[in-house]
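Written out below as structure tokens is the structure these notes cover.
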Amino acid sequence: MTVATDLAPPLDVVRWFNTPQPLALADLRGRVVVLHAFQMLCPGCVQGGLPQAQRISRLFPAEAVAVIGLHTVFEHHAAMTPVSLEAFIHEFRLTFPIGVDRPSEDGPLPQTMAAYGMRGTPSLILIDRAGRIRKHGFGTEDDMRIGAEVATLLAEPADQEIAASPSGS
Amino acid sequence: MTVATDLAPPLDVVRWFNTPQPLALADLRGRVVVLHAFQMLCPGCVQGGLPQAQRISRLFPAEAVAVIGLHTVFEHHAAMTPVSLEAFIHEFRLTFPIGVDRPSEDGPLPQTMAAYGMRGTPSLILIDRAGRIRKHGFGTEDDMRIGAEVATLLAEPADQEIAASPSGS
Amino acid sequence: MTVATDLAPPLDVVRWFNTPQPLALADLRGRVVVLHAFQMLCPGCVQGGLPQAQRISRLFPAEAVAVIGLHTVFEHHAAMTPVSLEAFIHEFRLTFPIGVDRPSEDGPLPQTMAAYGMRGTPSLILIDRAGRIRKHGFGTEDDMRIGAEVATLLAEPADQEIAASPSGS
Amino acid sequence: MTVATDLAPPLDVVRWFNTPQPLALADLRGRVVVLHAFQMLCPGCVQGGLPQAQRISRLFPAEAVAVIGLHTVFEHHAAMTPVSLEAFIHEFRLTFPIGVDRPSEDGPLPQTMAAYGMRGTPSLILIDRAGRIRKHGFGTEDDMRIGAEVATLLAEPADQEIAASPSGS
């Protein structure tokens, strides 16, 4: 195992909402990142995943845990444009930063979704303070478990993972 | 009080989903009509009103109770086009007929919404077997109460209201 | 089919709570009766059936619908005495009349529970305005359906069933 | 602040359920302890606190987190005897160890409840791996927050608190 293969791929985003400037995972080292991939017309996202992401962002301080939404449209592209998403974010009172995943030129899956190998929406990715993927969930997640998992990552030293890696890179 | 003022205004719809042909209230005499006005980006509709409308349509036989959705877009018009609505209906597995309320040329409120004097979404209108409005609710409705109200209307003779009307029309 | 076999058996109760005097079904003719059989240590009753019975009693006026609880202890008899039940009723803020089913001398099932042929708790019995059993449910009930069923019985004339019975007795 | 005042008082229990032998906090050093104080006829306990305690016991491994129920009867003593509690534990499928708090001779509050200064039921106490009280909650608790709080305590070294204490005792 090498660190390189574990590092979370960069976010390839064409437009951001709820943030004055684009976000990059590399700038978030030291923080735990909760990456929630959703589609605005996905019932499991609207009724489960997004309210949960909002709860995570309320529970943990932003300087410790960065909650990021990723709009990974892989179906009904004409129905889920950034114009529609903007109204959706407003109406559903979502306050954490949300990026629009870059569409692919040769297939339905957007770029970041493909890079992470996500199976669909909702997906929940936990990235530790050293930038590595530590959880990759698909579907409904339990509130208590997510709270425990985020807190566990938060309790790790920011540089622990790199030191612990056999390859040392 | 005259019957005329009580009769539910006609539905002014530009496009129908989930029905092979346009619906008209006049053709539904003898049935109780549950008219659910919603917007696809309204949280109270998505998380409360629409699932309830679906439950009503499952509980009562279609030949006795007609559940009709009405997409009354009065804000974010560009975000809630019929193209988006079609994907929404598919993803949320809505099976009852849904009409798109006709936009107004001189204001944000669509035509049927204005004719009914609806205050917003979700709104729930109950129309009795004689075509008259018997309930006009705005906001979240209680399942048990709605079940009782629909059943009460269903138990009335189809021609009771006309006979009971002072004007006799 | 004769009316006699359909009439709800009388309630055999050793102690009443929440009512100044004992209740008899015969005195409730003209009203719809919702009979909810429960045990205070039955999870399905505490978490589902009893809150639902309380909602029924709040929704319908008492002069039209009589909600009656029946404590049908058929297991853990020493743990569910009337002394415990009294504290339970107080703590759970139950306000409708509740009777304690009379224990049997030769078996675990109490008398009324046996007479009705109940399978366990929670059980929900609907008795029409003429005193006949119209529904006998076991387990969790849906709020909308119960609301509709009670309202349907309420809409019937008080003497309809007797007239409709083939035997006419 | 001294360690002595922070150490959780011992559990004064007259009878245990769901454990082959009595539990003592002193024997649980190294584990996080979740102490859930309840009464079997307290609605907030039955509908909220106890199901949550059961979820905690399922989520975390027993060798890391010890969930302990404490039956702190301070009202309706005749209605909540150990005989009733035993049936309650069986019917509600509670699997974690539960102790009966020792009644006081001169007042309604049982001994452990008084020693902890609990305000009522449900109460949730979190005790760290060094035996010190770190949270004392009264009323409904949020699942995500509890998951995070337990995980945070679990991530601490077992001897951290003593070293960190100013008094060094």
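All chains are identified by letter, namely A, B, C and D, in their written order; residue positions are counted from 1 within each chain.
The rule is simple: a residue touches a chain if its C-beta (ideal position, glycine included) is under 8 Å from a C-beta of that chain, and two chains touch if they have at least 3 such contacts.
Here the structure is a predicted model, which is why all the values come from computation and not from measurement.
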### Task
Please flag the chain sitting at the greatest distance from chain A, going by CA centroids.
C
### Task
Calculate how many whole Å lie between the centre of chain B and the centre of chain C, each centre taken as the average of the chain's C-alpha atoms.
36
### Summary
Chain-centre distance (mean CA atoms) for chain A and chain C, in whole Å, is 52
### Query
Taking each residue of chain A in turn, which ones touch at least two of the other chains?
none
### Task
For this assembly, give the contact graph shape among line, ring, star, complete and other.
ring
### All chain pairs that touch each other
A-B, A-D, B-C, C-D
### Summary
Seen from chain D, its contact residues with chain A in the complex are 55-56, 59-60, 142-152, 154-156
### Query
Where on chain C is chain D touching in the complex?
41-43, 46-47, 75-76, 78-80, 83-84, 86-88, 90-93
